[in-house]
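Presented below are the structures under discussion, each in the form of structure tokens.
First chain A sits with chain B, and in the next complex the same chain sits with chain C.
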Partner chain A sequence: MPIDLGRVQKEIRDIDRDKASGVTIEVQGNSVQKLIGCLKGPRDTPFDGGIFYVNIELDDQYPFVPPKMRFITKVWHPNISSANGAICLDILKDQWSPALTLKTALLSLQALLSSPQPDDPQDAVVARQYMGSLAEYEATARQWTQTYAHAQQVVGLEAKVQQIVEMGFGREQALAALKRANGDENGAMEILLGA
Partner chain B sequence: MAGSDDDQWFDDYDEPMSGGEDEDAYPSDSGAGGSDSGGTSTTDDAADDGFEERGPSEARSQLRNRLYSVIDRQNLRRIQEEALQQVQSILGCSTTTARALLIFFSWDAEAVLGTIAERGQEDVYKRAGLLSQSEEAEAYAAAAAAGAGGTVSCLVCMSDVGPSQATAMDCGHMFCNDCWREHMRINISEGMSRRLRCMAPGCGVVCDEDKVKALLRKDKPLLEKYEQTLLESYVDDNKRVKWCPSVPHCGHAIRSKEMHCEVECACGHQFCFACCEVQHSPCTCDMLHDWEQRMRDGSETSSWLSANTKLCPKCSKPVEKNGGCNLVLCRCGQAFCWLCGQATGRAHTWTSIEGHSCGAYKEEAEARANEAQRNLKRYLHYLTRYEANLQSGKLEAKLRKDVEAKVDALMEVDPSMSNFSWLNEALAQLFLARKCMAYSYIFAFYMFGQSMFKEDFSAEANAINQALFEDKQGQLEAEVEKLSQLIENPWPIGSAADMQSHRMAIINLAANIDTRIQKMYEVIECDITPQVASRGVGIAPYKGRHATGSGGEAAAEVYRRAAAAGGGAGPSGSNQPSSDVPDPAAEEGGRGGRRGKAPIAAGSGGRSKRKAGS
Partner chain C sequence: MLDPEDWRCPTCLDLAYKPAVNSACGHVFCFWCLHKAMSPYAPSACPICRAQYTNLPAICPKLHQFLACQFPETYAARRQETEEEEEEIGAQSPEPQASGPLPPPAAPGQWRPQHFLCDSPRCGRLLCRPAVLICGHAVCRDCLPGSSGSGASSQGTPAAATAASSSLASSSPGSARGAYECPACRLAARQPPAVCKQLADLLGELFAEESRRPEAEAQAAQEARQAEEQAAAAASTGTAAAQGVNAGAAKGHPGLALQTPPPSASPAGDQPEPQEQQPEAAPGGSSQPGGQPPAQAAQQSLSPSLTSALRRRQAEGGAQQAMAERLEQSLRRMTAGEEYVWHGVGCDGCGQYPIQGRRHKCLDCPEAIGFDLCGACMDRGLSDIVGRFNQRHTPEHRMRSVRPRITAMHMLKAANPELPMEQLMWLLEMALAPEGEEGEEGEEAGQQQQQASEEQQQQQQDGQQQGGQQQNDQQAGAAGDGGGSELLPVLRRGPRPAYDPAAEEPSPAAYASHQPQQRTGQQGRVQGPAGGEAEGLIDEPAVTEVHVALERLLLHSGTGSDSGPSSGSGSDAGGGSS
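Our next item is the complex of A and B:
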């Protein structure tokens, strides 16, 4: 059975309507099965002020199987891989329920940013730092937020995306390449031309 | 008459294929004759558990040491229903509930009832997914039903449907039928039939079987798959029952009381119950697994598997990590850590896997790299010996042929020689000893290698253990080589006296070898494994050749031939017994021969019996 388009579109509309939630979602290209989610770093955490992008892929069987989510923006967090953005969150795995939505999943990610679970780390290095020296962890996380997720960075990023798009690349392609190159325009171009 | 204990062993040995014409082929437990050995199995376990033992012959299934029994397709359903009824009759619950409880407790009905008595019904029901864990279930249902004009709003497809097109599970969560069906279709086709749960977040209540069947009634193949998986759950979710790994699959399952036990299915396939591989005592399953991995190194499939999968600590199937974090959930329901492969327990989620750390591996791996050279040499040493013994075992067929030729020649010279059970015993013992020797080298490779058991022994203790073991192994090897020579070298066929002493030498050596193997196992079981008991080293015990060994069958064939020839058909040995028309003369001759050989054979038979029973 192909993906339930009606439901996904309803979900997207619902997120768009609820401006207060702090999460947004955007379709990548023509298919609703590839999306980019966006969430604000929670207040009173090292992620405050950051804007975090999440790559979302929906399987044909969605919502009966969980959406595949991965942070595009680099994050320093025990449950998120600092290398590839992989997320360790139970509702994205065996605790997923078809009655959950992309919005609830994104909100759960936001909640995960506020309350790390270092006992089951995705990134052992971060977890060790979190357990050993909280202050150091918070400093690193804040610095990463500043470097990779800060609003100004993101605004700057938008300009770079536009530049690359003008060179004839797709928007999502440009965004992904820029994320991989940590915002470096030349690096992103190299990635795009190399690929 | 011939129902004495000693005869029991010969009967099994001599006439496994006699088709049950002869009463003696059915030894009884009591030794009081064959009267109670008719249609039904009379072993205690079988009676208790309601399992029937089936096998090519009743005699053989009796000999299965009563540690395990064979379940076939027909009685699988019956056995499962008995277990369900046992739980249902005591708890007064539905079949769905009983099944969910039994699956949760790996089909251990006593554990179900015991835990309920101990911790209370509610707690157990909750853990087994029978009570909703989301407390707003009722409110949820009410909200769903509150759609305008009596419609139900399904929170999965987010559309409104009429009440007749929606179903609520026992927990009260209501969704539309199409969504339920899709949810079930995906889960059933992924092999999750026995864990069909409610779709509401955090609920986890098992879907009622009748409701599932009603929803799926139009999709026959899916419904069948659902029912089949539920049926097979008795084997799949049961630690004490395993499918026979024969290819093509014979449809049988084995139920064993002991995890580490070498079993033989009704189809004749012999395997290790714990790992379903070839029988490999005295080395452990881990050792065999690692060993075979080494031997297969270079094969592309295995290198992909070793690079990309980990074996589930519960069901030992390779699991591929398809994304996400290092807490991996196997299809069998076992959660484990991807880094170290250790089980972390089902209840664990990302919120509660406390205390699980596994950083020690890398340092150890580096230290090991320095020893690679030494290890390779050591490995080759054991590999050569392992292969040599396995190779000799593989030459069984040839040896058997040679021995048949000798038997023919001997009977031509001396037609009075009609009983060759001593020879069968010796051959079977030889083949069994070869197999034992082969695997004992794997055992030694790992046990004394200071890698797999590095933390368990000091270097001194290890040296002592190794010396003890190698002493016993060496003695066994010497005897095995001697016996091998005696059987293979030309026999003194011309002289009756010489032949007699040759025969005695073979009989004695075979008996010696049996004792040597036991001594070797004594060292393993009494001296070595107790030191690593905390590691749960499981080694199937030595049962003597009566309980195991294809050698037994191979030799039995030689004997049948000889018995038939000697008993009635003249000295040429060319007259084969017909399988469908048993020749009474031949059987009579065989039995007469058994009585005739009394002193020596009875002695050795008695000894074998003791071992086999131990």
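Our next item is the complex of A and C:
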């Protein structure tokens, strides 16, 4: 059975309408099964001021199986892999319910940023630091936010993505290449052309 | 409550079509949505409140009539959509019968109390604090016979309690006959039905006057009943506490415990002798629930090849021995008497899904989705039952009880009795997912899922080295990109046709075309004369490819012997002789 298009479209419309929620979502290309979510770093956390992109993939059986989510923006957080953005959050796994939505999932990610759960870590190194020295953890997380998720950074990144997209590459491809090239657009182009 | 938004199904976010009410909590969904949200392996959780439910309820005729007349255009569009989808999956939802004495109103909004009468023949008044039961009937909560408190937990034995760590057994005291019986059709529920708040609010809005009057009476009646229930609850606190402990234990998940040991150097010479390997004194024999002849039931379900594989493991000593003993013990418990769970098979009488305990299958219903009854529904007798999926079953059809059979999922569960099925599914899915997912993370600490997935991958590799043609094919399929996505849906939730482990092909359409052959095959094996009663046992044909592959992986990889998994005609012969 194909994915329930109606439901996904309703979800997207609902997120677009609700400007106050602080999360947005965007379709990649022409399939609604690949999306990019975006959320703001919560106030009074090391992620404050950051803008975080999340890659979202929907299985054909969505919403009866959870959406696959992974941070595109690099994050320093016990429940998020610092290497590949993989997320450890129960509602994205066995605690998913079909009554949850992409919006509630993105809001949960925002909540996860505010309240790490080091008992169930995704990134053991970060978790160890979090348990051992909170101040050190916060400093690193803040630094990562500034380096990878800061507004100017992101606005700049967005411009670079657009540039690459205009040259005929997919948005996700462009983002991934920029990530690998540490934000250097020439480096990203080399990666894309070399691949 | 006259706004279509109030009747939006929480899972498709559309107007609920053919509404079904989860009687455990009173939440309203489309029939199909509520079914798709169910787990084929274990009790399901309400998508909204996570209340546990074990039965797929029938469509509620009253709500169906209300929505169809109140929102005619939207409902018609929903009908069309749903019917197209049904066409695609090759299954149908039944058309609800008339919901009361009055014909539906001519125009939206012209509702009269006669459209919402209690279905209890002893009441017949406007519904008050309505509960919608698993049969779809709506009755006043106070028109239900209260839980007598007896019966419900009388069956629990210590052994059953340990087996109940899955929370499945503990939630379905199979013998609660008479408790929560529908006053209209006598169908008994295993769980107390909850008031449907949406319907109650609607009635309050439509009939403010009329619905206020009985409220005071109801209040008094309710208080009396609550006192009664409290007394009953006090009697069964023990069980509740045990459940709490189990839930707690499930939290600390130690990852997949089922390990395939490294390939041993033992030559494949020690061929098993299936017929003689019947369990005389199983290690777990002593802990069987008493009374029944559980050993016999277990003998029927643990196939000779499975038994001998486990025995071989036990003979190998050390950790393997302990593991094999534990496995065998769990498997025997899981397959004894009322414990066995029919993954992916639902009862068309009461909607229990998956069926637990006895299963009776119709040999004559042609629908791909099949027609099955649980033991309780079979015993109740059936005349004009309409299947949950509109099967045209008749009393003349022949019903046969099906022999329990161990599948890979049972083994996985037996090896990890402390993990809830949902979590097992998740771990399995991770293990089978195309590689590169959690990739070169390398951080072992704390990440159970990851560990488990690595173990599982290790197993897969071990298995692969052992050879076995089919297995290799299967592995290749799982590792490849497209292959993985074809395999995985079989393991997930979803509409029933795709999950029936009895189906050789995951696609219901393919199953339909196989069906006639399979049926004749089964008839050949049926013992005893044909007739309406369930005498001889039948065996289900092969499980899915995935199950077969997993079985090989988990049990046969260490031996190199090519004795097939427990399906197939060889083991049937052994079972038939008992």
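The criterion applied here is as follows: the second predicted complex is superposed on the first by the 194 of 195 C-alpha atoms of A that agree within 3 Å, B and C clash if a C-alpha of one lies under 4 Å from a C-alpha of the other, contacts with A are read in each partner's own complex, and residues count from 1 in each chain.
Definition applied: contacts are C-beta pairs under 8 Å (C-beta built on N, C-alpha and C of every residue); 3 or more make two chains touch, one makes a residue touch a chain.
Computed from a prediction, not measured in an experiment: that's the story for all the values here.
If you put the two complexes together on chain A, you find that chain B and chain C bump into each other. In the superposition on chain A, contact of A:K10 is made with both chain B and chain C. Contacts of A:V125 after superposition on the shared chain: chain C is touched, whereas chain B is not. By the touch criterion stated above, A:I87 is placed in contact with chain B alone, chain C being left untouched. Once chain A of one complex is fitted onto chain A of the other, the partner contacts of A:A105 are absent, as it touches neither chain B nor chain C. When the two structures are aligned on the shared chain, A:A176 is found in touch with neither chain B nor chain C.
After overlaying the two complexes on the shared chain, residue contacts for A:Q117 are found with chain B alone; chain C is out of touch. In the superposition on chain A, contact of A:N79 is made with chain B only, not with chain C. In the superposition on chain A, A:C38 makes contact with neither chain B nor chain C.
Taking the listed stretches 8-16, 26-34 or 260-268 of chain B in turn, the superposition on chain A shows a clash with chain C for 260-268 alone. On chain A, the surface patch touched by chain B in one complex and by chain C in the other comprises residues 1, 4, 6-7, 10-11, 61, 63-65, 86, 88, 93-94, 97-99, 120-122, 124.
Of all residues in chain B, those touching chain A in their complex are 155-159, 175, 179, 182-183, 186-187, 199-203, 323-327, 329, 348-356, 359. Put simply, chain C touches chain A in their complex at residues 10-14, 33, 36-37, 45, 47-48, 50, 81, 85, 88-89, 420, 422-423, 425-426, 437-441, 443-447, 449, 489, 492-495. Residues 1, 4, 6-7, 10-11, 60-61, 63-65, 81, 83-84, 86, 88, 93-94, 97-99, 120-125, 127-128 of chain A are the ones touching chain C in the complex.
Every residue of chain A that touches chain B in the complex is listed here, in rising order: 1, 4, 6-7, 10-11, 61, 63-65, 68, 79, 86-95, 97-100, 104, 117, 119-122, 124.
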